[in-house]
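Structures follow.
The same chain A turns up in both complexes below, where it pairs with chain B and then with chain C.
Here is the complex of A and B:
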């Protein structure tokens, strides 16, 4: 295995006991050990810091103008329901794209892992694809396909800009997700494949039953991170599609009312989805780490 | 694969050569193993024991030489390696159980997916084997919840579930805490008593003396000396064999 894989795959798993340089302590770290007293101190200090920031901001001479343009309560209340209704579209784009991305990216990663000279063209194709689509800004792909393909009015090809915008997201994100899968596949020790092959399992069955399940399990956290990115990037559809989703709807209202608050309402909607996902990733990472520590302690 | 041969030969290695890059690891290995025979491979670290076993299982392609199993040349071009491997079980030093599967799934995977056995039949066979080796109550556990000795016994059961003609064991007790070694060795003794043909690489000299029909001393990629254990251990002919056994005694492993 390992066609041209250099360097350690970047995973969220670290050798047990090693401090993770990329991540500080979890947000709740220290609270559990300290108990009720710790919670009290955290609440009080949070309150003090928040009050200090609020005081400083509201004392600023520019605050009234900023508040009027960005944090207008009336504007928020009137625009939020409309934008939220359109946000359903973002969720739809996300779900549809993600399903295809997960499958297509896995195919790309498997293609790249095929060893042996016979498979060279397949490997090369997969590498070329991921290099290309990781190198092109997603927005550019969305523009190219979303405007470009419908303008050709080809027969037998869908002409909906929405369709092609979502296809663009799928093509672009699949390249990233394929790399995540590949890191996972390469992290499965070759002795696992050897054990499966030694039992007479074919190459493909070894992949299917032994390598891929372990690879996917290990890369769930980085996969979810890409989910977060995709959820945000569904807003790019707004650049080529007339039917508004949340971002476009917010822009329309902003233009009509000369107020930026609707954009913040849209931002809030995205956060409502992405923040729980991010927290879930953190939780999964720390759970994986704990499990590994338990496993090695045995 | 063929049935037992009239002359009783299970496995034959002829002039096997194997290199990794510039390093020649096997420099012409000849060996003939009879049905029901137990061969122990001894020799210092790096002498090529693991490589030899991996070649027999076709996990490593040989550079030159022939390997035949019951008269069929398995190193010929175009043989179906998957079919060959179904008849040759191998157990590794590091167990290599599938960590994402329960014990029973580890054992039934290959019979179902490589032999096309039904789930019920594969489970029945697995349970019988697990029962026989005292692992029935662990069948729904994941490997990381088992002791090293239990994991290695599961690995042996996993190989046995394919009903192999030959078992290759590569230092199966080296990764175990001393108090867990005996339970695994007892399993191997039982297999030997049942007539299983085995080639065993081991550092456990007491065990080799006990179980082997023949001991082969591997030195720098060659079988330097072979014979019944009584002779090899008490009257080695070669100076290097003597030195190797001396070092084992000094290390307190015999």
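Here is the complex of A and C:
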């Protein structure tokens, strides 16, 4: 995709050479204007900084031991394939949880946005839920549900710790995501709803066809931000589940070999997923900002 | 567009250079300090200059300190959960005081520090002279820390809920179809993977208490822990695992497994501790401690052994 942005109509393409108002202070932004000289300076400067860091670190008296314990190439090579194989589980937990979070959180946000005294209990319930689950560390919810519910041996209730650990992630993250949705809903100008009502749309249809679509579109970047958080927190599932995922597998090898390098391999796998997601968020944010600025100018 | 791509690549290379520089450094071979030669462990210990706190021997162990390795409880407000190692009660506490005594330290000169398992092998300075917390020796582990000689040859054992199908197992082959688990970072887990080789993927939980929680929550059919721990958690008066029984102990496959005290690599004290252990073994003291705190308290010998066929 070009800098103009995907399938969006290219109505507001800027004149060439003009500084792009929509672009934030990205990593490459300075270079874009400086040209080849700027790139050269950046490369030299990076190497100088790198050399300084390497010198300082390798001078530290315990560096050989640290290198052996955390940056062991042999350990990395032998552990990486095993950890990568388990990383599939993290992706599975993530995908399943995310689908339910998006739906459940929207429900919570809608519940909270209902106006009128008759809906007070529903609003109160939504607020109570959000306060509660945003306030409890996710790991505690994972432990309480993952070990607690199966211990009850209730008939007709799933007894798998995996099921309940993923439910814990859904409960916890829905509280955050509901707040993101709510911010989006509140950011839609009241005149939008007023206009829709004056066109004869019912309250519900106004909400469904006018407010929600605009709200969701606005909060896509912060939603993706929570995606990144969730992807990392899938590691929490392993605390109560028998089968190991990437982080637990890394810990198993770490403790067997008394070497921390496998943790580095696990970190790398998480980065492979989260960095592209973060870049996507950045790109979406800058596209949105650019559109809004052009729209304001018009 | 192309110019911008080239720039991005160049910047990418620069960043890679930064990372590479971070990793590139010569790897000098670590010198494992040769223990000084002394007449007795006490003479040896006098010659050591690397004590964390000269005049005292600081011993590290994990918190909570579990029975039967540590017993005697902990005072209210103490930093120690379950048991305060300074009581001298429990197997490892008794061994530590015996070793300290052989090296010429009085009981008052022995102090205890909390040493979480992971921290025992992390590089860097330590707040203790050696750690004693049921750490099994392996050649790979010995690349990160120095181990003392064995103070206990350990067997693994299986704990399960009374009356469940797994309690009828008599051989390793009988166990293959069950879901097993062990605490993370233990040789118990390695035993499951390397020797039992179950068809269902085994679990590793973050701690002993999480492993116990997993069997209580019906997530696993049985848990593998070292035999003294198994006898403790299935003890009729303790029953950490509800309604549980020690199904059997596992036969030694390959080299026998043993616990060793761990030291920061190159610490000359390891030689003195080995000498102390040798003295305690020849006097019969170590055997007496083992009998008192493990055999008599826990009936280590009475548990049936799984057959290998």
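What we mean here is this: the second predicted complex is superposed on the first by the 274 of 298 C-alpha atoms of A that agree within 3 Å, B and C clash if a C-alpha of one lies under 4 Å from a C-alpha of the other, contacts with A are read in each partner's own complex, and residues count from 1 in each chain.
The criterion applied here is as follows: a contact is a pair of C-beta atoms (placed from the backbone, for glycine too) under 8 Å apart; a residue touches a chain by one contact, two chains touch by 3 or more.
Model, not experiment: these values are computed from the prediction.
Contacts of A:63 after superposition: chain C is touched, whereas chain B is not reached. In the superposed model, A:184 lies in contact with neither chain B nor chain C.
Look at A:262: by the touch rule set out above, it reaches neither chain B nor chain C. In the superposition on chain A, contact of A:39 is made with chain C only, not with chain B. In the superposition on chain A, A:222 makes contact with neither chain B nor chain C. More chain A residues lie in contact with C than with the other chain of the pair chain B and chain C. No residue of chain A lies at the contact with chain B in one complex and also at the contact with chain C in the other. Contact residues of chain A toward chain B in the complex are 191-192, 194-202, 205, 209-210, 213-214, 217, 294-295, 298. Interface of chain C with chain A (complex): residues 1, 4, 7-8, 10-11, 13-15, 17-25, 27-28, 30, 117-118, 121-124, 138, 140-141, 143-145, 179, 181, 184-186, 189-190, 201-206, 210, 213-214, 216-220, 265. Residues of chain A that touch chain C in their complex: 2, 27-28, 31-32, 39, 42-43, 46-47, 49-51, 53-54, 57-58, 62-71, 146-148, 150-151, 153, 159-161, 239-244, 248, 251-252, 254-260.
Across the complex, chain B meets chain A through its residues 57, 59, 81-86, 89-90, 92, 94, 96-100, 109-110, 113-115, 144-145, 147, 158-159, 162.
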